[in-house]
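Both complexes below contain chain A, partnered by chain B and then by chain C.
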Partner chain A sequence: MSQTAVLPPARASAAPRARRRAPDRGGRPWTFYVLAALFVLYVLALYGPMICIYILSFQDVRGGLVFPMRGTSLHWFVDLFTQVRTGDVKGAFGRSIRLAAIVTVLTVIVSFMAGLAFRKRFVGDSVVFYLMIGSLVAPGLVLGLGVGLLCNLLGIEASWYGSALGAQLSWTLPFGVLVMFAVMSRFNAVWEEAARDLGASPWQTVVLVILPIIAPGLVAVALFGFTLSYDEFARTLLTAGSLNTLPLEIWSMTLNVTSPSLYALGTVTTIISFLIIGLSLGTIAWMQKRRARKTAR
Partner chain B sequence: MAKRRGTTHNRTTHNRTTHNRTGWLLVLPLVVVLIPFFVAPIVGVVVASFVQSDGFGGIVPAFTWENYANIFTSRLTLDLYWATFRFAVFAWFFSLLIGFWIAYFLVFHVRNPLLAMGLFLLCTVPFWTSNIIRMISWIPLLGKEGLINSALLGVGVIDQPLGVLLFSSLAVVIAYVHQLTIFMIVPIFNSMARIDKRTIEAARDAGASRFDIVRLIVFPMSKTGIALGSIFVVSIVMGDFFVVKVMSGGGSASVVGAFYEDVGVLQYPSAAASAVILTAVVSLMVVAILRTVDIRRELTK
Partner chain C sequence: MADGNGSIELAGLVKSYDGVTRVVDGVNLKVPDGAYCCFLGPSGCGKTTILRMIAGHEDPTDGEILIGDEQVVGLDPVERRTAMMFQSYALFPHLSVRENIAFPLRVRGAGTAERHKAADAMIEKVRLTELADRLPGELSGGQQQRVALARAAITGPRVLLLDEPLSALDEQLRVQMRQELSRMQRDLGITFVHVTHTQLEAIAIADIVVVMEKGKIRQAGPARDVYDQPRDRYVAEFLGGQNVLRGKVARIDGGSALISADSMRDVVVPLGAHGGVAVGDTVDFAIRRDDVGLSRPQAVSPESRAKVPSRVRSIEYQGNFVKVMLDDVGGDELIAYVPDRIFYLDPVSVGDVVLAGWDRDKARMLAR
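Moving on, here comes the complex of A and B:
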């Protein structure tokens, strides 16, 4: 008190700052530690089991489905791609990647267009919106059964690039459009108006203004499209026809393969997923950094 | 739903609505996919559920209620629905409980926004990997000779391995919560991130306890996120048969599993009837959840 009396100006400026800081920089409430512990446990439970099977997939011939680890080798990876018993893993891989690539391209294009459309109201917009939500929540196998029945009826043979492609799109598109909603809600319509005022045609506005601005969001849509298709199971099961995609191959393996080659397949497919995730997030980060540099200049 | 969106808003946009041809053209590709691959299959299944089966995989094009009558009079089917519904409730409850607090932690407790985003991404990465593989990965942990049993045996808590961990209802719920909590975290995180921090500060200044803030501000304002997450979790669990089949070790069955078996023996009409009822049940649950919030307004605003 005596100090503050000596230095009144210092007190006047320091006191409010100290008060403003108190809730931020002060001691953490006990709930912080409880929730931090919950978070750590959650992340451990999220990744722990996955890491277990990656480790177990590197066992040698004696390996089993549980710990302890028996030797280290790439035996089960070789086994995966050479054994007839484990099915046509190589072919399934190729099909899944190609299918996911097609789905990605279509999802990005269609979601982008729908994202633009939903910014304004149009006749029947609610109908389209609820169709989309319906398609998202419809049980996958029911939809697959329906697509399969229609194929039978129309005499079209079910195939991974036909009926399965469509069935997967009915799942990836609503997801893509939902992501587009989030992207477009951050897009400021003022930029678009500015482009129009400066004489840009609607096409130029889209290509030169909207697209570059929301490009990182489109990468996110692509990430959803690829991974949702690459891991899709329920909708593909009854629509893929005679040739399996990778998740279908894994499903049949869980029923009759009880060796670490199942884990090896898990490791391989997760590596691909991680590559795709890394690539997408890296691209988004790169785009944003480049933009920050451009605007700074 | 439209009524709640506000009449003034509708009136001002009405004139533009009728003339917005570009909007229609832009949304056309989406409709072109949804009609043959969502509307038509569902209609197809509904139609197929009313025809007779010839018992050899073929169908007789004659109208019948029999497929439905069989389902409603079968004690087994009702039990199946009850079992699946119970799993959905458990999965929903635990994923909401965990998801809400994880999102709360990330939004309100992590002060560095970059760190919060990084931790959020850490939670979402497994969503982009194979669900099937993530489920299988519980085997080395929960199995009779798995890590958890070995650890418990080592410590001396139990003297013989617990069989209840894997291939049981517990394992099914664990696998669901493991897979689906992310569907709660993402929308709830989004809702919470939109809450103006000044609201919370104002409440604190007005003397609200932290518990009051969660109960009276954070929870009501995260309702949209909770509703969205609930829709995902409930519809995925109701439509699942894979997790139940693998994680219960054949001990539990599910509605979808039963109709998948019908498809396997080419009993299309009864499978279709079962599918229709399931879809109706899921839709009712989704509509019930949608009644609590206007999701579209929240999403597109």
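Moving on, here comes the complex of A and C:
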């Protein structure tokens, strides 16, 4: 007799239970398809309108502002940069890039220093923090108006590199500082202490330890600074003075340009934005790769 | 700073962060050059604060710190010639093992070739040669610790300070690494100050064990002294291996006190250095768990043995000995570590009434 014969016969094996879960054979549950469909709709809603603009910007000379497409060419892109009636796109673009570059540099420097300052608690630190964040919730137009008025009062002529720069910094700095806080929260203060213990001067600690460790975070701050400045509108509107930045130029074009060159401009600025983002992400990836390569030597 | 002497002296050391509570409360201690000293105590007892003050990462509120007979308060870690190994090792995540170890030389202005040569020699010493180009994140806990050790030792400090160096490792590795620490200390021949809350770790490696409680030193001395002859109840209980019993002095008889409590009558305990004990005092005495033997109630035992009737509450087999937990004596637990071979000559079971006995002169009166 085998040992199993001692066991009572299993009753359950005769009649299968009424509700049994289908065995998992690696397929996806139906909820996956519902959620995936939802996500596809979301992406379409997000990018659909912009894609319409990109498509319409490639019409030929007969092109209009609405579908259907009339031919395909790069006519409106050429038109954008050659025709005077469309406005000073080239100049506005140059100003926007330069302004964004200045804003980026200042944002990175100030955010980095704020990040260092907030490593330790100090008297009134939360007041300083909320004062910094406060300007995020102030309506941009009102803030721009205020900056414009103040400049007027002080006798400073409004310009993209002066009053507009200040107005934009009131927007990019709080963001930069917030990103920096997230970056610094992952920075372990014991690294600094170790550096000091091993004989590093404060300056060596910053250059050899802190900066290299948080460099990817600084690139993220730079990316934020650049993109926020590059398409800033509300704060710049009343502070830029006589020369427009690109968003202001686009806005004025929507009022008086009735050709697909407006769409061409949208396509060009999108491409530039993507280039900048790609460049930033590429830089972060490059930093990490270089780090790995350096150690693989 | 030609003086290579790594002796440490703490005199009246006090640290208070808020001016009211003293995290370190008047610590006096001398550690000879080349000793392995362990600060032992529960978290929050001030042991790490002392370490950080010796390292120069915190300044004492009051008192003096002398290294090699030289006042060091106010000096940088480099000027003190101390090096610290941090609890989490604090390896720089962006630098390879070699660059981490060479870091102290780099900040001192050494050239690349020079510092890499020195680092490679050190890497060989801690047996990490094949991992020299890895990043810290790619190393195991034990390997990270060796990197931290090498990095701290490369500049030839006279004192190495280790903050809970083994707490991040698993049990097996901990035993292995503590042997390695011991070996490194002998190789380098410098003073090691090691902070831990694990008594086994402390008594296994230290020449001097310093038991701390609430910012004060309760007992300092060679590991065996502290374990075998605890000064008071706190030290005895923290180091373990002892039964600490409390009772009232019923009679003083020559150099001994007769102590009684619930379920314990006239147990004779030598007074030792505690001459000030009077009849009626409540006192604590300690008896090592492995000095306690068990016998059946009817068995006769010599007069020189102290006896306490009790009952077996539970039994745990521990391999080379059996841990027998008995009913409490006057509110204190009584545990006997009976050698495996002796226990199984006449094994007792849970619920058995037994006599717990020990040689009278093995009991030690504790300070109050």
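To be clear about the criterion, the second predicted complex is superposed on the first by the 258 of 297 C-alpha atoms of A that agree within 3 Å, B and C clash if a C-alpha of one lies under 4 Å from a C-alpha of the other, contacts with A are read in each partner's own complex, and residues count from 1 in each chain.
Methods note: a residue touches a chain if its C-beta (ideal position, glycine included) is under 8 Å from a C-beta of that chain, and two chains touch if they have at least 3 such contacts.
Every value quoted in this text rests on a predicted model; they were computed, and no experiment measured them.
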With the two structures laid over each other on chain A, which partner does A:R291 touch: chain B (first), chain C (second), both, or neither?
-> second
Should A:E193 be classified as contacting the first partner (chain B), the second (chain C), both, or neither?
-> second
What is the contact status of A:F67 with respect to chain B (first) and chain C (second): first, second, both, or neither?
-> first
Does chain B (first) or chain C (second) touch A:P49, or do both, or does neither?
-> first
The chain contacting more residues of chain A, comparing chain B with chain C, is B
Over in the complex, which chain C residues touch chain A? Could you list them?
-> 55-57, 76-78, 83-84, 86, 88, 90, 92-94, 96, 103-104, 106-108, 133-135, 151-152, 155
Enumerate the contact residues on chain A facing chain B in the complex.
-> 23-24, 28-29, 31-32, 35-36, 38-39, 42-43, 45-50, 52-53, 56, 65-67, 106, 109-111, 113-114, 116-126, 128-129, 131-143, 145-147, 149-150, 153, 166-167, 169-170, 173, 177-178, 181-182, 185, 202, 223, 227, 230-231, 233-234, 237-238, 247, 250-251, 254, 262-263, 265-266, 269-270, 273-274, 276-277, 281
Can you name the residues of chain A that touch chain C in the complex?
-> 188, 190-191, 193-201, 204, 208-209, 212-213, 291-292, 294-297
Within their complex, chain B touches chain A through residues 1-2, 13, 16-18, 20, 22-27, 29-31, 33-34, 36-45, 48, 98, 101-102, 104-106, 109, 111, 119, 121-123, 125-134, 136-141, 143, 145-147, 150, 178, 181, 190, 201, 204, 210, 231-232, 235, 238-242, 246, 256, 259-260, 263, 268, 271-272, 275, 278-279, 282-283, 286, 295-296, 299-301
